[in-house]
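Mind having a look at this structure? Questions to follow.
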């Protein structure tokens, strides 16, 4: 188990451009969030798909590292996203990840994305991380 | 059928931040590419996952609009990406989209992503666009 | 809303070969289960992948019809399954579906599959059903 | 590389109930086919979704084993299917698999499914097989 501050520090180093914040991590789960700004929006004021995918990817990564420790070589191998509703433009976006399996070589989790103030998810992601074998870490 | 210049103009308006370029469109297909820069990279020099997802999403969108015409309300509903190999940091990224179905309400296509100079794909995407009914366009 | 008996009758007509049983339906959810028999097993005694996909597909279908009513033209357009753990051979398989969206033309839900007696899911499915427009039903 | 007869013998042992036939294998590819019968059909005469998923799964498995040899512990970890068109009831179903990556621990491929006599695919699958490490085979 890795604590939130250690992970936050690691994420700032690994993703220097990211504005994603870790809200909580632990128990095979993680919550992350993003203060949506103009660079995340498309005309009409909706949040862009890639912004949502990126947030979900970080949520998965944080949840996985929270379980296996800081392993920089862990990589996403597969990600499926379903877009469910238009997120609100001015609202913070939150990603809640729950891991379904943390095996020796693969970790699989799902992420529900929410616009602050709305109980219905705006998108849903299932993703797989490949975990390198011990001797390669 | 919509020509490449009309589509390029539309993409510049819809995605003002994008640096993706349309290389070709037509015949239920499209090729787009991106000059990868520092903002697309992660430490170690590999292209970030969200950059690849964004490029694939534009490739799909361009291929779909090339068939159905400029329909701004068409939205991605579902996207699955498999990451296959590390893309080279300094190389242009290319997305080749082929639509498998263009129906009345759904269009489905696949995109292979390539790093310039490598014949093996770095990622593969399958995605679905929902096409609004005529009276809502 | 459609009650369980009406749906069970419809499923028996639509899938005459199925041995899947509806345990509950309602509230944008459904639980179905299957008494695994020899025809569902692979050597070594594990339940076959297609058996799990079929069970998840019925769970989704039942949950969707429970919301929109008996609409035989509703069809699966997309399904993603992640296999998480080996199901036990002699155990009943249960699929718990929760819909994430029931829109006018698409319904999207997830299904967790469980082997009786084990709290950890053996597989996870996300699937989309296309709902035909009113005038085509 | 494993030849077609060896693979056919192995598939008959592993999937004793299957009626799927191997048409060709090699070059990171495989073609398999199925003589659709009444047990594969749904009312109205269309081929059931699980029948298509099962055929695609065998196509992937055969293509993977054709590359890495007979490794019974290789298992599907992830499969995404998009249903594109209604297959014809009386027509043989064919699955053409092309692997996109054969790594040390994962193999990823896509399968296009066709109804005999129709050039447009009826479904498209992307799937991942986990390959056990050498010392566990």
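Observations
Going in written order, the chains are labelled A, B, C and D, and every chain counts its residues from 1.
The rule is short, and it goes like this: a contact is a pair of C-beta atoms (placed from the backbone, for glycine too) under 8 Å apart; a residue touches a chain by one contact, two chains touch by 3 or more.
For each chain, UniProt lists the protein as follows: A, B, C, D = PaaI family thioesterase.
In this text, all values refer to a predicted model and were calculated from it rather than measured experimentally.
The chain with its CA mean position farthest from that of subunit C (PaaI family thioesterase) is B. Comparing C-D with the candidates A-C, A-B or B-D, the pair whose contacts agree for more than half of the residue-numbered pairs is A-B. Computed from the mean C-alpha positions, the centre of subunit B (PaaI family thioesterase) lies at a distance of 28 Å from the centre of subunit D (PaaI family thioesterase). Remark: subunit A (PaaI family thioesterase) and subunit D (PaaI family thioesterase) have CA centroids separated by 32 Å (rounded to whole angstrom).
In subunit B (PaaI family thioesterase), the residues that touch at least two other chains are 77-78, 80, 82, 128. Taken as a contact graph, the chains are fully connected, with every chain touching every other chain. Against subunit C (PaaI family thioesterase), the residues of subunit A (PaaI family thioesterase) that register as touching in their complex are 80, 82, 84-85, 100-101, 108, 110, 120-121, 124, 126, 128.
Remark: subunit B (PaaI family thioesterase) residues 77-78, 80, 105-106, 128, 130, 133 touch subunit C (PaaI family thioesterase) in the complex.
Residues 13-17, 39, 42-43, 48-51, 53-54, 57, 75-83 of subunit B (PaaI family thioesterase) are the ones that touch subunit A (PaaI family thioesterase) when the two sit in their complex.
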